[in-house]
Amino acid sequence: MIKAGIVGASGYMGGEALRVLLDHPEAEIAWATSRTPGPAADHHPNLYGLGLDFIHPDDAVGGDVVFLALPTAASIESARRFLEAGSKVIDLGSAFRLSDRETWEAVYKQQHSDWDLATEAVYGVSELHLDEIRAARLIANPGCFSSAAILGLAPLLKEDLVDERHLVVDGLSGTAGAGAELAKPAHHPEIGNNLVAYNVIGHRHTLEMEQELSLLAGKKARVHFTPVYVPVTRGILDVCHSFPKRPVSRDDVLGLFRDFYADSPFVKVYDLPKEEAVSWQYKPYPWVSAIAGTNYCFIGVDVDEARGRIVTLSVLDSVGKGGAQVGVENMNIMFGLDRQMGLSRRGLHPN
Amino acid sequence: MIKAGIVGASGYMGGEALRVLLDHPEAEIAWATSRTPGPAADHHPNLYGLGLDFIHPDDAVGGDVVFLALPTAASIESARRFLEAGSKVIDLGSAFRLSDRETWEAVYKQQHSDWDLATEAVYGVSELHLDEIRAARLIANPGCFSSAAILGLAPLLKEDLVDERHLVVDGLSGTAGAGAELAKPAHHPEIGNNLVAYNVIGHRHTLEMEQELSLLAGKKARVHFTPVYVPVTRGILDVCHSFPKRPVSRDDVLGLFRDFYADSPFVKVYDLPKEEAVSWQYKPYPWVSAIAGTNYCFIGVDVDEARGRIVTLSVLDSVGKGGAQVGVENMNIMFGLDRQMGLSRRGLHPN
Amino acid sequence: MIKAGIVGASGYMGGEALRVLLDHPEAEIAWATSRTPGPAADHHPNLYGLGLDFIHPDDAVGGDVVFLALPTAASIESARRFLEAGSKVIDLGSAFRLSDRETWEAVYKQQHSDWDLATEAVYGVSELHLDEIRAARLIANPGCFSSAAILGLAPLLKEDLVDERHLVVDGLSGTAGAGAELAKPAHHPEIGNNLVAYNVIGHRHTLEMEQELSLLAGKKARVHFTPVYVPVTRGILDVCHSFPKRPVSRDDVLGLFRDFYADSPFVKVYDLPKEEAVSWQYKPYPWVSAIAGTNYCFIGVDVDEARGRIVTLSVLDSVGKGGAQVGVENMNIMFGLDRQMGLSRRGLHPN
Amino acid sequence: MIKAGIVGASGYMGGEALRVLLDHPEAEIAWATSRTPGPAADHHPNLYGLGLDFIHPDDAVGGDVVFLALPTAASIESARRFLEAGSKVIDLGSAFRLSDRETWEAVYKQQHSDWDLATEAVYGVSELHLDEIRAARLIANPGCFSSAAILGLAPLLKEDLVDERHLVVDGLSGTAGAGAELAKPAHHPEIGNNLVAYNVIGHRHTLEMEQELSLLAGKKARVHFTPVYVPVTRGILDVCHSFPKRPVSRDDVLGLFRDFYADSPFVKVYDLPKEEAVSWQYKPYPWVSAIAGTNYCFIGVDVDEARGRIVTLSVLDSVGKGGAQVGVENMNIMFGLDRQMGLSRRGLHPN
C-alpha cells in the first residue's frame, strides 16, 4: 500500500483527495494536516464517523507520496522538505506550474525562493506528459481552467490547424473552484442567481495555457481568456474558440480529437451527431453534470464552416480532473499502477 | 457474478442503479430496458462512452435479480413474470409497499391486480427487516420520504417515548425526487429560486411511515406529513417533530439512537456537541450535501426540554439511500454478500 | 416629502429600504450611513450610477423618520438619540420586539440598557396593531420568520380553533435572511445544493411568535419552531401545523382567513380549489417566487380531516414583507399616507 | 391612458408585460389573451388576487398598442390584423427582426408570408433607432442575446476600432430565456447544477447582431456567437471579445462607451476603477443580479493591452431589457411619453 500524506487538507482540494484516497485499492491515508487540527469531519461533513483527524503540519512525517494544498510560499518550502525526506510530491497549488521564471514571478507578483524545484517539476497533464510524470519526483498539478482549455485545444495546436494568436477561451466555473475561504462573490445571496466575471484579463491560468499550447504548436500561442463564476458547485466549462487556417468540417475535427486522445482513458471525445431538423441543438455537447465527482474530461466540438470558426467545449470537475483527482491519477502513474485505479467511477448525474 | 437486469432504466432510479452496479465487484448489468431502446447515454450523459444500450422491455430475459423502475400496473405484471422465471425482484416503485390492501387501493386509487405478491413482498428498510430481506424473493423498496422519516422516528416509537398520534414531519426534497418526467414545478425558471409545497395532506408516503412506525410502536401511529420541493437536486431532509411522554434530554435521545443503529452501517447518528456560546448553531445537524450520491442516512437530534419537543433531522439522497442504492443494499443482503459491497464510498461534498 | 434616514445601510435590509424609498412618491432619502462611508453601489450594485453615497453614522442628523439596521446595542442607543431629536424611529432589528424584559434578556443573553423604549415600542405587524402603529414614535419591526408564522396562525388562535400548546412551525428561509455578513452556511459551495437546519430549538423568533399568538389567544401559546436555510435567496415559507379542537374543513379555514384579513391589503389568502382527480397537488399552495421583492404575504391552507390537522403555508420575502418593506408600510401608516404607497408592485416571477 | 393589449400572455414575456404595465402611470391593460382562457394567476402566480383573466385570442379587439408574444407564423398574421385595425404593434418575437428576406428565410427555415411588414418594421433597440421608433407603427423587439451583444459592441464598431470579422461573443443565459414551455435542458434536476451549451454555431440571434453591427460599421461584421444556459433565472451576460486595430487602453474604451451612451438612460457604463493590488478582481465588472427585473443594461469593459484584446461585458434581464420591458420602453417612445416612464425602478438585488 502506498502511504499518502496530505498537507492542508481542510480545503476542497484536500477534502477531495481524502474522499478519493479512502476508496483507493492500493493507497492509504497516512496522515492529513490542517492549521486547526481536529476531526476532518469539521471541514468535510461527508467524512463524518470515520474517526479521521487532522494533525498539525509540524507533526507530518513520512509518506510515500505527499499532496500539497497550500499557499505558494508554503508549498515551495514543504515540497523541498518532503522531497528531501524521500517522498514523491504532488503540488496541487501553483508554485511550480510555469517553466519560465520571469513569467512566474511577474504573474505571482513575488520572487520564487526555490527555482530549481520549478525546473524539476513536471506539469501534470498526463495526456501530454505521461513519460515525464512516470519518472518524476515532483508534479505541478495543473490549474482547473488550464486543464480544460489545454485538453480542449491541444489537438488543434499540435496539428497547426488554427491561428495560434487568436485563441479565445471563456471559462465558466462553479464556486468550489474559488475554494473554501469565504468571499463575497461566493456568498450565496450574491451568486445564487448571478454571474460574476473576474480577472477578465490576465488570469493566472492564461499563462499555463499559453505555455503548454506553445509547446505543442512549436511557436508562441496567445490565449485570450476570461473566467466567470456561475452558480454551480464543481463544474467547469471552457468554451474555446479558434479560427482554422484551412477549411475543416465538424467530422474532421472530431476525428482529429479521437485520434489525439485514443490512449487517454479520462478524455472522452463527445462525438454525438447533430440532428439537422432540430432547431434547439444541445445533445451534441457535453454537460458538466455528467462528469461531477470524477476524473473525466468530456470534449465536444462544432465548426462554423461559413464563418470560419472551431468551437471546442471542454468540461471537467474543478476539484476532480481539474484538481485532486488528477493528482491521484498522477500518483498512479508515478507508482506504476493502473492509471485508472480508484478513479473509474462515473459521474453523479443528476446532481 | 450476479447478473442484474433493470426494467425502466431511463429514469433517475434506473440511472442510479446502473451507475452503482457498474462499480459493484460482485454484480454485473445483464441488460437494461427502456420504452425507447438505444444508447443509455441519451438519458444518462454520465454513462457516455461505455457502449451501454437499452433493449426493449419485451427482449428482457433472465437475470439473477431484476430491478423494476416502472409505473404501478407495469410493476405488478413484471414482478410476477420475473419471479416465475426464477429471478429475485426488487421493485423500486410503490406497488408492494403497503401490507393492507384496502389502504393501498384507497391511496393509489386503483384495484391491485396481484395482492398475493404484495403479501409476499418485504418492505425494504434493512434496518428494520434484515432477516426478512435475507429470505425474500420480492422486495418493496421504500419511498424516499418514508425511509428518512421511518429511520428518524423508529427508535422513539420502539421505545414508546413519544406521543404516537402527533408525529409531525416536514419533508424537504430535491427535484430529482420528482423524477425525470418534465413538470412545471420542476421547470428551472419556476423552482430555481422557489419552494413548492405539494400534497400538503395525504401524501402517499404517509401511509408507509404509519405502517412501519405502528409496527414498531405496537399501536396505531399517526403521521402528519407535508412535503416541499426545494431547489436542490438529490437531497432529502425530513424534519421530524415529536412530543415526549416523559422528560428527556438531547443526550438521552442520542444515546437511544446510537444503540438502535449500532449494527446499521448506513445510518450514522450525528452526535456532535452543541456549543453553548454559539448563537448560530448549525454544526450539530447533518447536511444533505454530506450524503449526496450515497447510501448513507445521517440523523441529527435536538430536544426542547422547556417546551417538550424532540426534533430529529434525517437526511439521505432520494435516489441513493432513498432509492436505487438501498435496492442494491437489499440485493447484497438477499445474495449473502457483504451488505456494504459497492456502497461504501463517501458523499460528494461539496456538490 | 418625508425625509428618511437609514442607519446601517450597507446590509440587505438597508439596501432594500433604499431600493423601495427611491421609488416612493412621498418619501425621499435624506441620508444613509455605513461604517465604511462611500458609494452605496459598492454594497448594492443595483444602485450603480445614482450618485448615492453613505455617510459616517456620526454625521447623520435629522430626518422625519429613521430606519435602523444595526446590532442590538447600537440600535438601542441610536433609537434614543433619534427619538430625542424628534424623528420617528423604525427599528429593523430585534432590540424592541419583546414586551417581557426577562424573556428578552434571556433570549438575547444580555441586559437591555433602555427598557423604557422597549415598553414604548409597537410591534410592527400592521395586520394586528394598526391603530398602535398609527400613534407610535417607535416601531419594532418583526422578524421574518415571525411575521410569516404569526400571519399564518393568527386567525386560528383568535378563534380558539386549535390546540395552542402544539403549534409546530418549520421555517424555510432563503440565504438573504442570514444577512450580508459572510458565513460558512451561506458560502455557495456549501449551501448551493444543500439544506442547513440551524437553531433547531430555541430560535429567537420563537418568542415573538409566542408573544403575539398568546395575545390573540388570550392564553399562553407554545410554538415549536425549527428553521432551515435553503438555496433560494429572499423567500421564506413557514409551514405551520396545528391540531384543531373541533372538526373543520378546508373551506371553513379559508373562510376564517378571508374574514380575518378582509381589510389587510398585503395579505392574500390563497384560496384556489383542489382538483380531486389530480395526484400531484401543488396549485392550491402559494409560492415564494410569487412574492419576491414585495410586501405581500400569501397564505395557503389545507386540512387533514381524517387525522385532525390544519396546515397553513405562509410565504413572504425575508427582506420585503419580512423586513425593510414592512418598515416602509409602517412609515406610511405612521405618517397618515396610503398604507400601500410605493409598495403595491407585484412580485418578480419568475426570478 | 394608453390601452394595451397582449396576445399570448401566458408565457414569461407576456407575464412580464403584464407586471410592468400594471404599474405604468399612463397605460392600462385592455385585454390579454391565451389559448387557454382563464385566470392570469394560473400562469403568473405573482398576479394572484387581481381578478385579471385571459380571453381567447379571437375575442381580442382594439387597443392603442398590441404586444405580440407568439410563434412566428401567428405573429405575422396578428401584426397585420391589428395594424389594419389601427393599433400600433410591438412584436416580442422574431418575425420582423431581419431586414434581409433571404437571410430571414434561411435562418427560420420557412417562407415569410408578409415581407412588406418586415420591411416596415423598426428594429427596437432604442439606443440605435430612436427616431425611427418614434415614427413607427410596427416594432420588431430585439432578441435578448442580440440586445446585450449589440449594446456591448456598438461603440467599437461605430468607431472602427476593432477587427469586425472576429467578434467573439459567449452568451450566458438564465433559463427564463428559454421560455415557459417545459424542456429537458430546463428541467431542474438537469440544469440546477449544470451548464448547457446549445446551438453552439448558427444561433439565430447571431444574424441580428451581424445586421446591426454591420450597419454601424458600414461594412460586413462577423459575429462568432455561442450561447450557454446557466442555472440562473432571468440574467444574461454577453462576454464580448474583440481585437483592436490600434493600441487602446481601458480608459479609452470606457470613455468611448460613456460618450456613445450619454443620452441613453437605460445603459449604464460600469466604469469602476481596477485596484492594482487586488489579485481577485471582480468589482469593476457588472453583475446580472444588479439589473434583475429591470430595463437596464450595464456594460463593463477591460482591455488586455499586452495581447491586444478588448472585453466588454454586457448584462441585462432576458425578459426585461432583453424582452417585454424594452417593448414598454418602445411603447413610451412611440406614444411620446417619457421614455423611462414605469421603467425606472432599480434591480432586485440580492435576488
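Letters A, B, C and D mark the chains as written, and numbering starts fresh at 1 in each.
Basically, a residue touches a chain if its C-beta (ideal position, glycine included) is under 8 Å from a C-beta of that chain, and two chains touch if they have at least 3 such contacts.
Bear in mind the structure is a predicted one, so any value in this text is a computation, not a measurement.
K.L.:
Relative to chain A, which chain has the most distant C-alpha mean position?
P.N.:
Between chain A and every other chain, the largest centroid distance is to C.
K.L.:
Can you work out the whole-Å distance between the CA centroids of chain A and chain B?
P.N.:
That pair's centroid distance is 35 Å.
K.L.:
State, to the nearest whole Å, the distance from the C-alpha centre of chain B to the C-alpha centre of chain D.
P.N.:
45
K.L.:
Spell out, as numbers or ranges, the residues of chain B touching 2 or more other chains.
P.N.:
In chain B, 12, 174, 176, 183, 189, 192-193, 231-233, 287, 289, 292, 350-351 touch at least two other chains.
K.L.:
Could you classify the connectivity of these chains, where an edge means two chains touch, as line, ring, star, complete or other?
P.N.:
It is complete, because no pair of chains fails to touch.
K.L.:
Which residues, counting only chain B, touch chain D once they are in their complex?
P.N.:
Within the complex, chain B touches chain D at residues 12, 174-176, 178, 180, 182-184, 186-189, 191-193, 231-233, 351.
K.L.:
How about chain C: which of its residues touch chain B in the complex?
P.N.:
Where chain C meets chain B, its residues are 109, 166, 168, 170, 172, 174, 183, 185, 189-190, 192-202, 222, 224, 226, 228, 230-233, 235, 237, 239, 241, 243, 279-282, 284-285, 287-289, 292, 300, 302-304, 307, 309, 311, 313, 315, 350-351.
K.L.:
Touching residues of chain B toward chain A in the complex: what are they?
P.N.:
Touch residues, chain B against chain A: 12, 15, 19, 22-23, 42, 44-50, 176, 192-193, 233-234, 268, 270, 283, 286-287, 289-293, 298, 344-351.
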